[in-house]
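Chain nomenclature is as follows: A, B and C, assigned in order of appearance, with residue numbering initiated at 1 for each chain independently.
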Amino acid sequence: MTVDIRSFTLRADPYCDVINITDEVQSQIKKSEIKNGLVNVHVSGSTGAISTTEYEPGLVKTDIETFLEKIIPYKEDYAHHKTWGDHNGAGHLRSFLLGTSETFPVQNGKAILGTWQQIIYIENDEKSRTRTIYCTIIGE
Amino acid sequence: MTVDIRSFTLRADPYCDVINITDEVQSQIKKSEIKNGLVNVHVSGSTGAISTTEYEPGLVKTDIETFLEKIIPYKEDYAHHKTWGDHNGAGHLRSFLLGTSETFPVQNGKAILGTWQQIIYIENDEKSRTRTIYCTIIGE
Amino acid sequence: MTVDIRSFTLRADPYCDVINITDEVQSQIKKSEIKNGLVNVHVSGSTGAISTTEYEPGLVKTDIETFLEKIIPYKEDYAHHKTWGDHNGAGHLRSFLLGTSETFPVQNGKAILGTWQQIIYIENDEKSRTRTIYCTIIGE
(Lines give C-alpha, C1' and ligand atoms only; values in the text may rest on other atoms or scores of the structure.)
Protein backbone atom coordinates (compact mmCIF):
# COMPACT_ATOMS: atom_id res chain seq x y z
CA MET A 1 0.00 0.00 0.00
CA THR A 2 1.47 3.31 -1.03
CA VAL A 3 0.60 6.91 -1.89
CA ASP A 4 1.90 8.97 -4.81
CA ILE A 5 1.08 12.69 -5.11
CA ARG A 6 1.63 13.74 -8.70
CA SER A 7 0.73 16.91 -10.57
CA PHE A 8 0.62 18.53 -13.98
CA THR A 9 -0.16 22.03 -15.20
CA LEU A 10 -2.53 23.29 -17.86
CA ARG A 11 -3.32 26.63 -19.45
CA ALA A 12 -7.01 27.56 -19.40
CA ASP A 13 -8.98 30.29 -21.15
CA PRO A 14 -11.33 32.45 -19.07
CA TYR A 15 -15.15 32.20 -18.90
CA CYS A 16 -15.94 28.50 -18.88
CA ASP A 17 -13.11 26.81 -20.75
CA VAL A 18 -13.76 23.07 -20.40
CA ILE A 19 -10.62 20.91 -20.82
CA ASN A 20 -10.48 17.12 -21.16
CA ILE A 21 -7.83 15.92 -18.67
CA THR A 22 -8.65 12.20 -18.82
CA ASP A 23 -5.50 11.12 -20.72
CA GLU A 24 -3.27 13.14 -18.42
CA VAL A 25 -4.88 11.64 -15.29
CA GLN A 26 -4.57 8.09 -16.68
CA SER A 27 -0.93 8.79 -17.54
CA GLN A 28 -0.19 9.96 -13.98
CA ILE A 29 -1.79 6.77 -12.58
CA LYS A 30 0.38 4.69 -14.91
CA LYS A 31 3.54 6.50 -13.78
CA SER A 32 2.63 5.86 -10.12
CA GLU A 33 2.68 2.09 -10.80
CA ILE A 34 -0.27 1.70 -8.41
CA LYS A 35 -2.66 -0.89 -9.84
CA ASN A 36 -5.70 -0.81 -7.52
CA GLY A 37 -7.02 1.92 -5.25
CA LEU A 38 -8.27 5.47 -5.61
CA VAL A 39 -7.22 8.59 -7.50
CA ASN A 40 -8.22 12.03 -6.22
CA VAL A 41 -8.11 14.73 -8.91
CA HIS A 42 -7.88 18.19 -7.36
CA VAL A 43 -7.34 21.75 -8.55
CA SER A 44 -5.96 24.10 -5.95
CA GLY A 45 -7.73 27.42 -6.35
CA SER A 46 -11.16 28.87 -5.66
CA THR A 47 -12.17 29.62 -9.27
CA GLY A 48 -11.41 26.24 -10.90
CA ALA A 49 -13.50 23.05 -10.81
CA ILE A 50 -13.26 19.31 -11.56
CA SER A 51 -16.15 17.17 -12.83
CA THR A 52 -16.95 14.62 -15.58
CA THR A 53 -18.98 14.72 -18.78
CA GLU A 54 -19.14 13.29 -22.28
CA TYR A 55 -16.52 15.40 -24.02
CA GLU A 56 -18.27 16.44 -27.23
CA PRO A 57 -18.57 20.03 -28.58
CA GLY A 58 -22.32 20.45 -27.95
CA LEU A 59 -21.95 19.83 -24.22
CA VAL A 60 -18.53 21.32 -23.55
CA LYS A 61 -18.70 24.39 -25.81
CA THR A 62 -22.38 25.30 -25.48
CA ASP A 63 -24.60 23.43 -22.99
CA ILE A 64 -22.38 23.65 -19.88
CA GLU A 65 -21.67 27.33 -20.53
CA THR A 66 -25.35 28.16 -21.18
CA PHE A 67 -26.46 26.32 -18.04
CA LEU A 68 -23.88 27.94 -15.73
CA GLU A 69 -24.56 31.38 -17.24
CA LYS A 70 -28.27 30.90 -16.55
CA ILE A 71 -27.87 30.12 -12.85
CA ILE A 72 -24.67 32.13 -12.11
CA PRO A 73 -24.29 34.92 -14.71
CA TYR A 74 -20.89 36.59 -15.03
CA LYS A 75 -22.37 40.11 -15.44
CA GLU A 76 -24.22 40.27 -12.11
CA ASP A 77 -23.14 42.74 -9.46
CA TYR A 78 -21.77 40.39 -6.76
CA ALA A 79 -20.91 41.58 -3.24
CA HIS A 80 -17.49 39.98 -3.78
CA HIS A 81 -16.67 42.71 -6.32
CA LYS A 82 -16.93 45.37 -3.63
CA THR A 83 -14.51 43.61 -1.25
CA TRP A 84 -11.40 43.63 -3.44
CA GLY A 85 -12.41 45.39 -6.65
CA ASP A 86 -12.39 41.93 -8.27
CA HIS A 87 -14.88 40.97 -10.96
CA ASN A 88 -14.87 37.19 -10.54
CA GLY A 89 -17.76 36.65 -8.11
CA ALA A 90 -19.47 34.32 -10.59
CA GLY A 91 -16.26 32.31 -10.92
CA HIS A 92 -16.10 31.79 -7.14
CA LEU A 93 -19.76 30.76 -6.95
CA ARG A 94 -19.37 28.28 -9.83
CA SER A 95 -16.41 26.59 -8.13
CA PHE A 96 -18.24 26.55 -4.78
CA LEU A 97 -21.13 24.79 -6.54
CA LEU A 98 -19.21 22.31 -8.70
CA GLY A 99 -16.40 21.46 -6.28
CA THR A 100 -12.65 21.43 -6.83
CA SER A 101 -12.05 17.67 -6.75
CA GLU A 102 -13.41 14.28 -7.74
CA THR A 103 -12.29 10.83 -6.61
CA PHE A 104 -12.34 7.73 -8.84
CA PRO A 105 -11.63 4.02 -8.33
CA VAL A 106 -8.42 2.73 -9.94
CA GLN A 107 -8.42 -0.84 -11.25
CA ASN A 108 -5.63 -2.53 -13.23
CA GLY A 109 -3.76 0.77 -13.37
CA LYS A 110 -6.62 2.86 -14.79
CA ALA A 111 -9.33 5.14 -13.38
CA ILE A 112 -12.72 3.46 -13.88
CA LEU A 113 -14.93 5.64 -16.10
CA GLY A 114 -18.00 5.07 -18.26
CA THR A 115 -17.55 4.67 -22.03
CA TRP A 116 -18.57 8.29 -22.68
CA GLN A 117 -17.34 9.72 -19.39
CA GLN A 118 -14.32 12.03 -19.41
CA ILE A 119 -12.65 13.86 -16.51
CA ILE A 120 -12.82 17.62 -17.11
CA TYR A 121 -11.30 20.79 -15.74
CA ILE A 122 -13.59 23.85 -15.79
CA GLU A 123 -12.07 27.33 -15.71
CA ASN A 124 -14.49 29.75 -14.03
CA ASP A 125 -12.25 32.81 -13.73
CA GLU A 126 -12.39 35.90 -15.95
CA LYS A 127 -8.68 35.75 -16.85
CA SER A 128 -6.49 33.10 -18.50
CA ARG A 129 -4.91 30.98 -15.80
CA THR A 130 -2.14 28.41 -15.48
CA ARG A 131 -3.45 25.72 -13.13
CA THR A 132 -1.83 22.89 -11.20
CA ILE A 133 -3.90 19.69 -11.15
CA TYR A 134 -2.99 17.20 -8.41
CA CYS A 135 -3.52 13.47 -8.91
CA THR A 136 -3.16 11.68 -5.58
CA ILE A 137 -3.10 7.92 -6.07
CA ILE A 138 -3.48 5.62 -3.05
CA GLY A 139 -3.43 1.85 -3.36
CA GLU A 140 -1.25 -1.13 -4.11
CA MET B 1 -3.88 -1.46 5.24
CA THR B 2 -5.66 -2.83 2.22
CA VAL B 3 -7.94 -1.89 -0.69
CA ASP B 4 -11.02 -3.77 -1.88
CA ILE B 5 -12.82 -2.71 -5.09
CA ARG B 6 -16.32 -4.17 -4.99
CA SER B 7 -19.38 -3.54 -7.17
CA PHE B 8 -23.06 -4.24 -7.55
CA THR B 9 -25.60 -3.50 -10.25
CA LEU B 10 -29.00 -1.87 -10.11
CA ARG B 11 -31.84 -1.25 -12.54
CA ALA B 12 -32.97 2.37 -12.74
CA ASP B 13 -35.99 4.02 -14.33
CA PRO B 14 -35.45 7.06 -16.57
CA TYR B 15 -36.08 10.73 -15.69
CA CYS B 16 -34.92 11.14 -12.11
CA ASP B 17 -35.33 7.75 -10.48
CA VAL B 18 -33.80 8.11 -6.99
CA ILE B 19 -32.68 4.81 -5.44
CA ASN B 20 -31.59 4.23 -1.85
CA ILE B 21 -28.29 2.29 -2.03
CA THR B 22 -27.27 2.68 1.63
CA ASP B 23 -27.88 -0.96 2.66
CA GLU B 24 -26.02 -2.27 -0.38
CA VAL B 25 -23.02 0.01 0.30
CA GLN B 26 -22.93 -1.00 4.00
CA SER B 27 -23.11 -4.66 2.94
CA GLN B 28 -20.15 -4.25 0.55
CA ILE B 29 -18.10 -2.64 3.35
CA LYS B 30 -18.94 -5.56 5.64
CA LYS B 31 -17.84 -8.09 2.99
CA SER B 32 -14.53 -6.24 2.58
CA GLU B 33 -13.77 -6.84 6.28
CA ILE B 34 -12.15 -3.39 6.43
CA LYS B 35 -13.05 -1.75 9.73
CA ASN B 36 -11.69 1.81 9.49
CA GLY B 37 -10.92 3.97 6.46
CA LEU B 38 -12.82 5.40 3.50
CA VAL B 39 -15.41 4.15 1.02
CA ASN B 40 -15.74 5.79 -2.39
CA VAL B 41 -19.11 5.18 -4.04
CA HIS B 42 -18.91 5.72 -7.80
CA VAL B 43 -21.16 5.21 -10.81
CA SER B 44 -19.33 4.84 -14.09
CA GLY B 45 -21.30 6.73 -16.71
CA SER B 46 -21.99 10.34 -17.63
CA THR B 47 -25.76 10.37 -16.97
CA GLY B 48 -25.84 8.85 -13.45
CA ALA B 49 -25.08 10.56 -10.13
CA ILE B 50 -24.35 9.79 -6.46
CA SER B 51 -25.39 11.98 -3.52
CA THR B 52 -27.13 11.74 -0.13
CA THR B 53 -30.52 12.79 1.20
CA GLU B 54 -33.20 11.84 3.69
CA TYR B 55 -34.93 9.04 1.81
CA GLU B 56 -38.60 9.89 2.21
CA PRO B 57 -41.19 10.15 -0.62
CA GLY B 58 -41.66 13.93 -0.50
CA LEU B 59 -37.97 14.58 -1.21
CA VAL B 60 -37.12 11.64 -3.47
CA LYS B 61 -40.32 11.45 -5.53
CA THR B 62 -41.18 15.15 -5.80
CA ASP B 63 -38.77 17.78 -4.47
CA ILE B 64 -35.53 16.57 -6.09
CA GLU B 65 -37.29 16.05 -9.43
CA THR B 66 -39.01 19.45 -9.30
CA PHE B 67 -35.77 21.22 -8.41
CA LEU B 68 -33.69 19.56 -11.14
CA GLU B 69 -36.45 20.10 -13.71
CA LYS B 70 -36.51 23.81 -12.80
CA ILE B 71 -32.79 24.38 -13.35
CA ILE B 72 -32.10 21.73 -16.05
CA PRO B 73 -35.38 20.89 -17.87
CA TYR B 74 -35.51 17.71 -19.94
CA LYS B 75 -37.46 19.34 -22.81
CA GLU B 76 -34.97 22.06 -23.68
CA ASP B 77 -33.20 22.00 -27.04
CA TYR B 78 -29.60 21.23 -26.00
CA ALA B 79 -26.66 21.52 -28.40
CA HIS B 80 -25.77 17.95 -27.37
CA HIS B 81 -28.86 16.72 -29.23
CA LYS B 82 -27.44 17.95 -32.52
CA THR B 83 -24.11 16.15 -32.11
CA TRP B 84 -25.38 12.55 -32.00
CA GLY B 85 -29.15 12.80 -32.42
CA ASP B 86 -29.35 11.98 -28.68
CA HIS B 87 -32.00 13.54 -26.45
CA ASN B 88 -30.27 13.29 -23.08
CA GLY B 89 -28.54 16.68 -22.84
CA ALA B 90 -30.33 17.40 -19.55
CA GLY B 91 -29.16 14.04 -18.16
CA HIS B 92 -25.54 14.90 -18.95
CA LEU B 93 -25.83 18.37 -17.38
CA ARG B 94 -27.43 16.96 -14.22
CA SER B 95 -24.60 14.44 -13.75
CA PHE B 96 -21.99 17.11 -14.45
CA LEU B 97 -23.61 19.23 -11.72
CA LEU B 98 -24.22 16.55 -9.07
CA GLY B 99 -21.08 14.47 -9.59
CA THR B 100 -20.70 10.73 -10.08
CA SER B 101 -19.13 9.82 -6.74
CA GLU B 102 -19.12 10.54 -3.02
CA THR B 103 -16.58 9.45 -0.38
CA PHE B 104 -17.49 8.58 3.22
CA PRO B 105 -15.53 7.72 6.36
CA VAL B 106 -15.76 4.07 7.48
CA GLN B 107 -15.66 3.37 11.23
CA ASN B 108 -16.20 -0.01 12.92
CA GLY B 109 -17.09 -1.52 9.54
CA LYS B 110 -19.78 0.99 8.59
CA ALA B 111 -19.96 4.21 6.54
CA ILE B 112 -20.59 7.14 8.89
CA LEU B 113 -23.89 8.84 8.01
CA GLY B 114 -26.34 11.10 9.80
CA THR B 115 -29.50 9.58 11.31
CA TRP B 116 -31.63 10.70 8.35
CA GLN B 117 -28.88 10.59 5.72
CA GLN B 118 -29.05 7.92 3.04
CA ILE B 119 -26.71 7.31 0.09
CA ILE B 120 -28.64 7.65 -3.19
CA TYR B 121 -28.21 6.87 -6.85
CA ILE B 122 -29.89 9.34 -9.23
CA GLU B 123 -30.73 8.23 -12.78
CA ASN B 124 -30.64 11.24 -15.13
CA ASP B 125 -30.97 9.47 -18.47
CA GLU B 126 -34.12 9.28 -20.59
CA LYS B 127 -34.03 5.46 -20.85
CA SER B 128 -34.04 2.66 -18.26
CA ARG B 129 -30.48 1.70 -17.46
CA THR B 130 -28.61 -1.08 -15.70
CA ARG B 131 -25.81 0.56 -13.73
CA THR B 132 -22.69 -0.70 -12.04
CA ILE B 133 -21.96 0.99 -8.70
CA TYR B 134 -18.38 0.66 -7.44
CA CYS B 135 -17.60 0.68 -3.72
CA THR B 136 -13.86 1.11 -3.21
CA ILE B 137 -12.93 0.56 0.43
CA ILE B 138 -9.46 1.55 1.66
CA GLY B 139 -8.38 1.06 5.24
CA GLU B 140 -7.47 -1.51 7.85
CA MET C 1 0.47 3.58 5.61
CA THR C 2 -2.15 4.32 8.20
CA VAL C 3 -5.63 5.77 8.69
CA ASP C 4 -6.74 8.22 11.39
CA ILE C 5 -10.43 9.13 11.79
CA ARG C 6 -10.62 12.37 13.76
CA SER C 7 -13.51 14.73 14.45
CA PHE C 8 -14.45 18.08 15.90
CA THR C 9 -17.75 19.81 16.57
CA LEU C 10 -19.00 23.25 15.64
CA ARG C 11 -22.08 25.33 16.39
CA ALA C 12 -23.82 26.71 13.29
CA ASP C 13 -26.56 29.29 12.85
CA PRO C 14 -29.55 28.43 10.64
CA TYR C 15 -30.22 29.62 7.07
CA CYS C 16 -26.86 29.54 5.32
CA ASP C 17 -24.27 30.09 8.01
CA VAL C 18 -20.90 29.64 6.25
CA ILE C 19 -18.04 28.70 8.61
CA ASN C 20 -14.33 28.62 7.78
CA ILE C 21 -13.04 25.23 9.04
CA THR C 22 -9.64 25.31 7.30
CA ASP C 23 -7.53 25.83 10.44
CA GLU C 24 -9.38 23.09 12.30
CA VAL C 25 -8.89 20.64 9.41
CA GLN C 26 -5.17 21.50 9.14
CA SER C 27 -4.85 21.03 12.90
CA GLN C 28 -6.47 17.56 12.74
CA ILE C 29 -4.06 16.54 9.96
CA LYS C 30 -1.11 17.72 12.08
CA LYS C 31 -2.35 15.69 15.07
CA SER C 32 -2.62 12.57 12.89
CA GLU C 33 1.11 12.84 12.10
CA ILE C 34 0.37 11.65 8.56
CA LYS C 35 2.56 13.59 6.12
CA ASN C 36 1.36 12.55 2.66
CA GLY C 37 -1.97 11.17 1.50
CA LEU C 38 -5.60 12.30 1.48
CA VAL C 39 -7.99 13.96 3.92
CA ASN C 40 -11.74 13.46 3.57
CA VAL C 41 -13.79 16.17 5.28
CA HIS C 42 -17.34 14.97 5.98
CA VAL C 43 -20.38 16.22 7.84
CA SER C 44 -22.80 13.52 8.90
CA GLY C 45 -26.29 14.85 8.36
CA SER C 46 -28.60 15.59 5.45
CA THR C 47 -28.87 19.38 5.91
CA GLY C 48 -25.17 20.29 6.20
CA ALA C 49 -22.62 20.65 3.38
CA ILE C 50 -18.86 20.92 2.78
CA SER C 51 -17.23 22.95 -0.01
CA THR C 52 -14.48 25.54 -0.57
CA THR C 53 -14.44 29.25 -1.35
CA GLU C 54 -12.47 32.41 -0.77
CA TYR C 55 -13.56 33.28 2.75
CA GLU C 56 -14.34 36.99 2.52
CA PRO C 57 -17.58 38.70 3.69
CA GLY C 58 -18.97 39.51 0.23
CA LEU C 59 -18.98 35.86 -0.83
CA VAL C 60 -19.75 34.14 2.47
CA LYS C 61 -22.28 36.59 3.91
CA THR C 62 -24.07 37.70 0.72
CA ASP C 63 -23.27 36.00 -2.60
CA ILE C 64 -23.54 32.34 -1.55
CA GLU C 65 -26.78 33.03 0.33
CA THR C 66 -28.29 35.03 -2.54
CA PHE C 67 -27.38 32.34 -5.07
CA LEU C 68 -28.77 29.44 -3.03
CA GLU C 69 -31.91 31.40 -2.19
CA LYS C 70 -32.45 32.06 -5.91
CA ILE C 71 -32.30 28.41 -6.97
CA ILE C 72 -33.63 26.75 -3.75
CA PRO C 73 -35.71 29.29 -1.78
CA TYR C 74 -36.46 28.52 1.87
CA LYS C 75 -40.08 29.76 1.67
CA GLU C 76 -41.29 27.37 -1.04
CA ASP C 77 -43.90 24.73 -0.22
CA TYR C 78 -41.85 21.52 -0.53
CA ALA C 79 -43.45 18.06 -0.56
CA HIS C 80 -41.01 17.18 2.25
CA HIS C 81 -42.96 19.50 4.58
CA LYS C 82 -46.06 17.33 4.22
CA THR C 83 -44.25 14.10 5.15
CA TRP C 84 -43.17 14.99 8.68
CA GLY C 85 -44.50 18.50 9.28
CA ASP C 86 -40.88 19.68 8.86
CA HIS C 87 -40.02 22.98 7.20
CA ASN C 88 -36.49 22.22 6.02
CA GLY C 89 -37.10 20.97 2.47
CA ALA C 90 -34.81 23.66 1.07
CA GLY C 91 -32.08 22.61 3.53
CA HIS C 92 -32.24 19.02 2.30
CA LEU C 93 -32.14 20.06 -1.37
CA ARG C 94 -29.16 22.35 -0.78
CA SER C 95 -27.17 19.55 0.87
CA PHE C 96 -28.18 17.11 -1.87
CA LEU C 97 -26.84 19.62 -4.41
CA LEU C 98 -23.62 20.70 -2.67
CA GLY C 99 -22.61 17.36 -1.15
CA THR C 100 -21.62 16.51 2.41
CA SER C 101 -17.90 15.86 1.87
CA GLU C 102 -14.80 16.96 0.00
CA THR C 103 -11.45 15.17 -0.33
CA PHE C 104 -8.09 16.98 -0.52
CA PRO C 105 -4.48 15.91 -1.09
CA VAL C 106 -2.21 16.10 1.96
CA GLN C 107 1.46 16.98 1.39
CA ASN C 108 4.07 17.66 4.07
CA GLY C 109 1.37 17.42 6.74
CA LYS C 110 -1.01 19.95 5.20
CA ALA C 111 -4.07 19.87 2.94
CA ILE C 112 -3.15 21.40 -0.43
CA LEU C 113 -5.33 24.45 -1.11
CA GLY C 114 -5.10 27.52 -3.33
CA THR C 115 -3.91 30.81 -1.83
CA TRP C 116 -7.49 32.12 -1.52
CA GLN C 117 -9.19 28.75 -1.08
CA GLN C 118 -10.69 27.90 2.31
CA ILE C 119 -12.58 24.78 3.40
CA ILE C 120 -16.10 25.74 4.49
CA TYR C 121 -19.03 24.22 6.33
CA ILE C 122 -22.48 25.39 5.13
CA GLU C 123 -25.47 25.10 7.46
CA ASN C 124 -28.64 24.64 5.41
CA ASP C 125 -31.10 23.83 8.20
CA GLU C 126 -33.68 26.24 9.65
CA LYS C 127 -32.50 25.73 13.26
CA SER C 128 -29.17 26.21 15.02
CA ARG C 129 -27.27 22.93 14.98
CA THR C 130 -24.24 21.39 16.65
CA ARG C 131 -22.42 19.42 13.96
CA THR C 132 -19.70 16.78 14.00
CA ILE C 133 -17.14 17.19 11.23
CA TYR C 134 -15.06 14.09 10.45
CA CYS C 135 -11.53 14.38 9.09
CA THR C 136 -10.35 11.01 7.82
CA ILE C 137 -6.66 11.09 6.98
CA ILE C 138 -5.10 8.20 5.02
CA GLY C 139 -1.44 8.13 4.11
CA GLU C 140 2.04 7.72 5.46
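Note that in this section contacts are C-beta pairs under 8 Å (C-beta built on N, C-alpha and C of every residue); 3 or more make two chains touch, one makes a residue touch a chain.
Computed from a prediction, not measured in an experiment: that's the story for all the values here.
Rotation relating chain A to chain C, from a C-alpha superposition: 120°, rounded in steps of 5.
Two copies of one chain, chain B and chain C, touch each other, and the residues they use overlap weakly: the shared fraction of interface numbers falls below half.
Separating the centre of chain B from that of chain C, both taken as means of CA atoms, is a distance of 19 Å.
The residues of chain B that reach two or more other chains are 1, 38, 71, 97, 99, 103, 138, listed in rising order.
Residues 1, 36-38, 51-54, 56-59, 61-64, 66-67, 70-71, 97-99, 102-105, 107, 112-118, 138-140 of chain B are the ones that touch chain C when the two sit in their complex. The residues of chain C lying in touch with chain B in their complex are 1-3, 5, 38, 40, 42-46, 48, 71-72, 78-84, 89, 92-93, 95-97, 99-101, 103, 134, 136, 138.
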